[in-house]
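Down below are the structures I want you to see.
One chain, subunit A, links the two complexes that follow: it is found with subunit B in the first and with subunit C in the second.
So, the complex of A and B:
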């Protein structure tokens, strides 16, 4: 199972993007500035947007899902229960997993953006997709919400997970880092070595690298371990 | 067309002309052929086609009910063409400039700003609609007539929320009403000609051609 980006290009009036790379099973982080083309790249990787040139090759990926930044786009059910059933999931289990305090009969669009995001991500992460593309999964979430998403992502068994985000504080257990720099998708490599080449690294991670305590993982535990590590 | 004032004036005149009579609608169509980039001015052809289908259905129902469905269809198509042309030609700030020039810095500014925001939202809505359609497909649900209702619900909900948020932001920044802007317009000879012809189309719509030639009989 792998996803190959073969000389992919996308053009926009204000930016352009060139992408090359192979995405193997694991959790991939694609970082980049706002407006650098992350969402466009996600759409092209999902095969929902035709690139200007190049191809996307999906090998042994029968099941794929792209989660948009705005959860409203995915809502088709009038109530929370209907929405869960539209994903073929048990409403009680999803509500419990999402950790939101709402009744099943609550109109789905009456939820706050944060609650809706949690509900949507709980539905998406409850299913086993071979390729899961998450566009800004941390937006609209508070810190406990972000930590909850990370825990759910870490539970995923197998498959390729690609997170497109400019998040700078809380991450799941990342296996591989990519970033969009100067209109090009750069491969920073596998963790833990990738952080050294990562230009969009959070300030705390950069500080740790400068002091010779490069984190082994980007999880809160990994960062804490690096910060507490004794230099010897 | 360079001048947004003449563009808006043409839109009003042509809409009235098309709505008034079939002759007016035909005149509007001729005007559309002469002064617009024609098919290139249609940005969202699928949306236009969907609206056309809706008009055909209504016209069919009207015909079955004994009304003049064909006349309705011709007139509505002409209005639709004018609308798509105005939408395609509009640039950011056009409505604000034209509104302020026409009605002043208080009511004009406010009306122009609202119109400008509405146009911006219309552009966003088409992109949102595309995303909703993709998301529905990703869920494995077929896209059809039944999908229009939930999609419309989300679009309306989002539009209302954005409007609410915009209003709050404006209030937070201390906006009450009105504002100052020094609009600058560039008028070409073609703009003037298009405006004159639009006025002629309106005259033609209300006074049939036979009325002009009766003196020569």
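So, the complex of A and C:
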């Protein structure tokens, strides 16, 4: 199973993106500045947007899911229950998994954005996909919600997970880091070596690297281990 | 001072809360009432019971800039220039002055390159930056930002802090789920289940959250 980006290009009047790379099973992190093309790349990976040139090859990936940056774009059910049933899921189980305190009859779009994101992610993460593309999965989530999403991602057995995010603090166990720099997808490499090449590393990670304590993992435990490590 | 007295509105139950001038971060679990609190501050909603006052006046009598947590719900017009100009046009500002202000604001906010773009062609983060610029352009006394930073990269977040400080707004009140951002504010309000559990300076409030995921990682493990 792998996802191959073969000389992929996207051209807009105001920016362009070139992407080459092979995504193997594991958790991949893609970062980049605002407007650098992360969501466009996610759409191309999912086959929802035709690239200007190049090819996206999905090998042995029969099942795939793209979670949009804005949870409101996914909503098709008027109520929470209808929304869950549209995913063929039991509303009670989804509400419990999402950790939200709402009635099933609550109109979907009356939820707070964080609750809506939790509901949406609970629906997405209720099933296993060979390729799971998550565009800003942490936006609007509170800290316990981010930790819950990380636990779900860490539990995924096999499959390729690609996270496009600006998150600065709470990450799952990342295997590989990519970033968009100067209109090009750059491969920072596998963890833990990738962090030293990662220009968009969060300030805390950069501080750790500067003090010679490069984290072995981006999880809270990995950051703690690095912070507590004896210098040098 | 922004004061809340005996507030009952939806799930919010706040007996008393005073917010001083400066940058205030509002944090708490999803669905705890943060956005509802911001809507009361902005005068978008009025409480069923109790009073909210901004320097002794109703929020609806106060110049306020507001950025919604749903980026698309901020958009009224199709182009960035029209969106940015709209607060000034609504108050009948002369065209030449509006054009000047739009260019100056775009430059300050680093979005001059977006002026000719359509709003629907922007990325999520770019939509937030335009909404923020539109909220700031009339130099409001109160600036309210509902999780603006959830679509911004680290550099933009740091830059946003500087922009907010320079905005001239007497009160900046923002919801955030980035605790490293909340650390940088002047004041911190922690809400849970519609109630204000803690309020004060970040150095006073965060230690009370030391056993929760809301405690900043940079404080938990100083580097």
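Heads up, the rule we're going with is that the second predicted complex is superposed on the first by the 231 of 232 C-alpha atoms of A that agree within 3 Å, B and C clash if a C-alpha of one lies under 4 Å from a C-alpha of the other, contacts with A are read in each partner's own complex, and residues count from 1 in each chain.
FYI, a contact is a pair of C-beta atoms (placed from the backbone, for glycine too) under 8 Å apart; a residue touches a chain by one contact, two chains touch by 3 or more.
From a predicted model like this one, the values you see are computed outputs, not experimental measurements.
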For this session: Quick one: on subunit A, after the overlay, do subunit B and subunit C clash, or do they fit? Just give me the call.
Result: clash
Problem set entry | Which superposed partner A:58 touches (first subunit B, second subunit C, both, neither) | neither
Exercise. Given the touch rule stated above, what does A:87 touch, subunit B (first), subunit C (second), both, or neither?
Worked result: first
Problem set entry | Partner chain in contact with A:72 - subunit B first, subunit C second, else both or neither | both
Exercise. In the superposed arrangement, does subunit B or subunit C reach more residues of subunit A?
Worked result: C
Exercise. So, A:147: does it touch subunit B (first), subunit C (second), both, or neither?
Worked result: second
For this session: Would you tell me the residues on subunit A in contact with subunit B in one complex that are also in contact with subunit C in the other?
Result: 70, 72
For this session: Provide the residue numbers of subunit A that touch subunit B in the complex, in ascending order.
Result: 43, 46, 48, 64-66, 68, 70, 72-78, 86-87, 109
Problem set entry | subunit C residues within the subunit A interface of the complex | 28-31, 34-35, 69-72, 113, 117, 121-126, 129, 147, 150-158, 177-180, 212-214, 216-218, 220-223
Exercise. Where on subunit B is subunit A touching in the complex?
Worked result: 128, 131-132, 134-136, 138-139, 141, 147, 150, 153-154, 157-158
Problem set entry | subunit C partner contacts - residues on subunit A that touch it in the complex | 12, 14, 31-35, 38-39, 69-70, 72, 100-102, 111-115, 117-118, 136, 138-147, 166, 168-170, 200, 202-204, 207-208, 211, 213, 220, 223-224, 227-228
